[in-house]
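Two complexes follow with chain A in common, the first pairing it with chain B and the second with chain C.
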Partner chain A sequence: MVTVDADVTAAPTSRTPGREAGGPTPGRVLAWACLVVIILITLFPFYWMLRTALSNGTTLATAGSSWLPVDFTWGAFRRVLGLATLEEAQAEGGTGSAVDFWVYLRNSVLVAGLITAGQVFFGALAAYAFARMRWPGRDLVFFVLLTALMVPPIFTQLPNFLLMRDLGLVNTYAGLVLPFFFMTPFAVFFLRQFFLGISREIEEAARLDGAGHVRTFFRIIVPMSWGPITTLALLQYVQAWNEYFWPLLVGSERSVRTLTVALGVFRAQTPQGNPDWPGLMAATLIAALPVLLLFIAFGRKIVDSIGFSGIK
Partner chain B sequence: MKRTRRLTVIATAVLVALVPACAAERPPTESGGWDDTGEVTYWMWDANQLPAYQRCATDFEARNPDIDIAIEQVGWDYYWGRMLTSFVANSAPDVFVNHTSKYGDYTSRGLIEPLDELIARDGPDLSQFVEGTGDLWVGDDGKRYGLPKDFDAVGIFYNATMARDAGITPEQMQNLTWNPQDGGTYEDVLARLTVDANGVRGDEPGFDPRNVATYGLGIAYPPGGGSGQTQWSFLTATLGWGHTDRPLWGTRFNYDDPRFQETIAWWRSLVEKGYMPPLEQAVGNELSQLLQAGRVALVTEGSWNISTFAKLGGIEMATAPTPIGPQGFRSAMTNSLADSIAAGSPNKGAAWKWVRYLASPECQSVVAEGGVVVPAIASVVSTAEAAIGAHGLDITPFTRQLREGTAFPYPAAQHAADIDSIMETAMERVMAGSADVSSFTAANEEVNALFTQG
Partner chain C sequence: MTTTAVPAAGAPASGAPAIARRASSNRETWVALGFILPTVFGFVVFYLWPSLRGLGLSLTDYQFFSDTSFVGLANYQRLLTDETFWNAMLVTVWYVVLNIGFQTVLAVLLAVLLHRLTRSVVIRGLVLLPYLVANVVVALLWFWMLDAQIGIVNQVLSWFGIGPISFFGSESWAIPTIAFVNTWRHLGYTALLIFAGLVMIPRTLYEAGRVDGASEWQMFWRITLPLLRPVLALVLVITVVGSFQVFDTVAVTTMGGPADASRVIQYYIFDLAFERLDYGYASAVSVVLLVILSVIAFVQLRLMRANESDLA
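And then the complex of A and B:
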């Protein structure tokens, strides 16, 4: 980071004649400096998490403002991954309870994956119906759907919870996934806007070639909208991955517990007790990794697709 | 964290409202059964005690091959929220560690099983428990809802190095006095332990109360709700003040009493004097971390956290009993946890066997050796004291309050959650300096109204 800083500040002095329009003007340098500062500010909490995760829980508070890990140890990561023995964990201020990290990770991947697949598939179908098909009351239904977007999710959680209880689905994957599975107004709205932008001529050409709605949708619309669909999938996956309250209500049992809920094991164990901060930070970092990897893999694509659609 | 916590609080409040509704739909006594085999799920919150209880479970399973014990540990921060959801969802644990401040909510809804008939039939002999611990588990309907497992008391934890540097001897710490006017030697010690940024102590001329490096007394928020268990109840009790009209299941609270209000006024004055951190510096911090960071020198806390304090790296800790009040005696709130059986459990026979084993000398001597808490069975108390002492901190300043008869019980009451929310708000306003202690009189009316409105 420091070297980036140095480069930026050194840039004006290294200005050479014959630069093209892309050269470092004072305005550009200022813009870059601002960007670097913003990036540093954005990254700082992650650094602080890492620094805390590599600290020893029993001595962490002795040097609360230290920039480096306090009493460096990999213990927190070992605890999270279930590699530490009970004695090791407790000696570093960790919990005496077992952490089944891989079970929770599997649950999170499964639940977030199912929710994403369902939402994108059904959302795309609905969006197509709203964008292209003509049927009585379509705009009214779309209006109602958009209104649903305005209802804060907290209002639906408890009725949903009672429904799941009466269906006997509490503490099952089905109970975790179902309320989100079929669609969300956001997914429908998001994709409808893209489908509206696809030119009708292409569709009419397909119709002339004898394709019905189903065929048009799967062979023409979906391949043409691959960018927005991937973007939506990624957004929904991240949201499902981070979902906390619903899994806490219906999926608190060990066998279906997701990572977000499982992180609670690092919080206070007794009244006024001491949370295991290094353990919590290590687990949070590891839990954020899959999402980070997704962004590294698909980030470029998302930017492209959003940029592409924006130009249109 | 703050947001999720608020959500949890909201959801818990709504779920509390839902519990009676479903209890009415499905009377738990009808849904429960008396099988004495199968899997018994057992919930507890203290991860430090988990290894000892796991050993109890293994021993128990060896004696009862038809029963499996599945222990689920849920940290205190989530415990009661999850407990309520699980009762609403009909997936409650068969047996769970219960708390005096919470079980009124469960008995009034018929969610936990009275044990009187079972105890009369199978034992145990209730005289084996430390005096007073069993009484806490007789509800306001006169039925017994749990067998006590351990007990705790409140006392002082302090930074021994800082005390030595301040010239305070351990003997002084063992015999502190207090009164609401000048704070007695307790306030002298707090002043002496306070050091400002220039190294001037709180009792020296030139002390700057607005620029304090180390505060004498630590405080954590919320500051004690309606019970003030570890914060102020040990002071008010030395004035002869009690929370309610009777020790347990009272229906009239006494927050309008001048003795209570002058105690809080004295406590609050420590903030202005610079001996205790103001609200904005204390919110969001744990006492143990403030101690470790050298921000505070002394805290009042429950004995259940003694192993946490003993383990703190980088500082040398010591313990002391609560100060002696103006009437010549000291005092400390004591509480006892118990194991309760869910009324809706299908195998209450097996659950009862497990509860009886948990309250047996066999299991409790294992817990005693674990060195975390002091079991409620009188015969193993000294074993536990020795085991805890081996970790470096003396627990007898806490347990002596029970031996000397200066302990008083946790004021179990109905509407405990409502009382806490009223009093927590009132207390925070006073401690933040935005209300006078006389505002407790109005809060008291609100609390008492909970009982008259039915």
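And then the complex of A and C:
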């Protein structure tokens, strides 16, 4: 169906055909200038988020274009994390209403973690069966699973909401996690590609030693595929962490509200006239932080996997 | 088992391996079923069944709290004269056109720049950064930067004597603004998909082009772009299908306003189902969205297949 078979683990073989030994030509200078502008436009908003988060809400409006934080303060972070007193918060333009940030953080960690664990584990099992085992109807089943990639999420999410309601799972962790827990066609497709590339001899050697499929899978295939499995886990974690629509439907209650939903609520509650911008930016920064940290730690893996994930 | 015509005396000897093989392939089938069971369960319960149920619901007047009855195609008839629906369609198409326009042109430019200038994973990582952050975070960030009073963008525009522009608050700006914000988020991702396509173009073609005295510009139009067509088609399928489902940004910033100017189709479905509790009708609209996206995907994948030979 889709033919992007790029090897994700291999470093991209990006030879740069335009790279010449000669010095800078006007064209190259112009090209670099373009690239630098794009990168600046990409990164500047992140700086602005930080700069605003470190500003004082009451004086921010007086220096809208100051490149540095206005009236530097950690106050916005303190009130988002629930460390500031009511007076402190109000003195810096916050509302003083509790944000329950730690609850939302816990919910996001838990929900994204469970979804990732389920998708990767069950995805790996299924991918192995599709790649390395022979059974009747295998290719047909695989094709049917892949068609699920084309179905727009909203189409299944309306009825899935009713299912969760009928099961009494609205506003529970189970309700947030279950629809994503058992499968995503992407995980199956992604890992199958790697399992297809593993040499038969390794399995046959294991077979001779008396290992069955289950043992071969856990003892040999999984350890061998640790790279792609981590990459998949990263991609799915980031996606689950960022998900908004489904948690909005089934996780609106405070006790199970995730960070993305909380940010939406936070925004909706800020007064129209004078929103607590530093507070909002501190909250968005903290909500983005786990992904930024994963990015710093595993940036290369994530970047290398993009050519592959084109099937998404 | 084709070796059945064996002498009676030889039967035990040559029959045994066959039986053993059949038994082992039977066992393999059972193990395989065990491996794919969770995935198939997830597919049936959270993809297949909801899809059928969604189709069924679209033929009813389901409204959560009142009796439900079968209404046949009434919901679809209602669509034909529902001005809000047609407006939502129009708004969505306008958004898709703008978003795809910005995104494709910029992404090709960025991908070519990356490909020609540098093999740095760090730079590729930097342009990908916005893609890893949640839609909600991106929406809030730009909501602040584009604020009509003290947002930095309007501050900068005022230095040039422009504005202030109420980016999210005016009917004509709302959709272009949302298209721009989502372009900012997706640009790096799309560029890296195209970059993966560029890497596959054989270097020798450029060398041959250079020998023939082709300029960079000519090589781009004569070599790069034609060979990129299949990848571009795939990227277009992904981005068109994705941008038809824009929701998060709208939900966080404009909530469909002002005056329906940004009420995109997915937000309309959400609104119908969960604000107006008109679930049956919302299901019908989501079926229409499914059909539209399927047609787009089908047509574009066919186009891609027609062009596949280019890279062979």
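By our rule, the second predicted complex is superposed on the first by the 243 of 312 C-alpha atoms of A that agree within 3 Å, B and C clash if a C-alpha of one lies under 4 Å from a C-alpha of the other, contacts with A are read in each partner's own complex, and residues count from 1 in each chain.
Simple rule for what comes next: a residue touches a chain if its C-beta (ideal position, glycine included) is under 8 Å from a C-beta of that chain, and two chains touch if they have at least 3 such contacts.
Predicted model only: the values in this text are computed from it and were never measured.
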item: First (chain B), second (chain C), both or neither touched by A:Phe245; value: both
item: First, second, both or neither for A:Ala61, with chain B first and chain C second; value: both
item: Which of chain B and chain C A:Arg254 touches, first, second, both or neither; value: first
item: First (chain B), second (chain C), both or neither touched by A:Val170; value: first
item: Partner chain in contact with A:Arg267 - chain B first, chain C second, else both or neither; value: both
item: Contacts of A:Val120 with chain B and chain C, given as first, second, both or neither; value: neither
item: Which of chain B and chain C A:Ala112 touches, first, second, both or neither; value: neither
item: Greater residue coverage of chain A in the superposed arrangement, chain B or chain C; value: C
item: First (chain B), second (chain C), both or neither touched by A:Val80; value: neither
item: Touched partner set for A:Val151, first chain B, second chain C, both or neither; value: second
item: Chain C-contacting residues of chain A that also contact chain B; value: 60-61, 64, 154, 157-158, 161-162, 244-245, 248-249, 264, 267
item: Residue ranges of chain A in contact with chain C within the complex; value: 2-4, 6, 12-19, 27-28, 31-32, 34-35, 38-39, 41-43, 45-46, 48-49, 52, 60-61, 64-65, 122-123, 125-126, 128-130, 133-136, 138, 141, 144-145, 148, 150-163, 178-183, 188, 212-214, 217, 238, 241-242, 244-245, 248-249, 259-260, 263-264, 267, 277, 280-281, 284, 287-288, 291-292, 294-295, 299-300, 302-304, 306-308, 310, 312
item: Residues on chain C engaged by chain A in the complex (per definition of touch); value: 25, 28-29, 31-33, 35-36, 38-43, 45-47, 49-51, 53-54, 57, 106, 109-110, 113-119, 121-130, 132-137, 140-145, 147, 149-152, 155-156, 184, 187-189, 192-193, 195-196, 199-200, 203, 206-207, 216, 231, 234-235, 238, 241, 244-245, 247-248, 251-252, 266, 269-270, 273-274, 279, 282-283, 286-287, 289-290, 293-294, 297, 308
item: Interfacial residue positions of chain B with respect to chain A in the complex; value: 4, 7-8, 10-11, 14-15, 18, 45-51, 72-78, 81-82, 85-86, 88-91, 220, 230, 286-294, 301-302, 304-305, 308, 311-315
item: For the chain A and chain B complex, residues of the former touching the latter; value: 56, 58-62, 64, 71, 86, 90, 93, 95-97, 154, 157-158, 161-162, 164-165, 170-171, 244-245, 248-250, 252-254, 264-265, 267-275
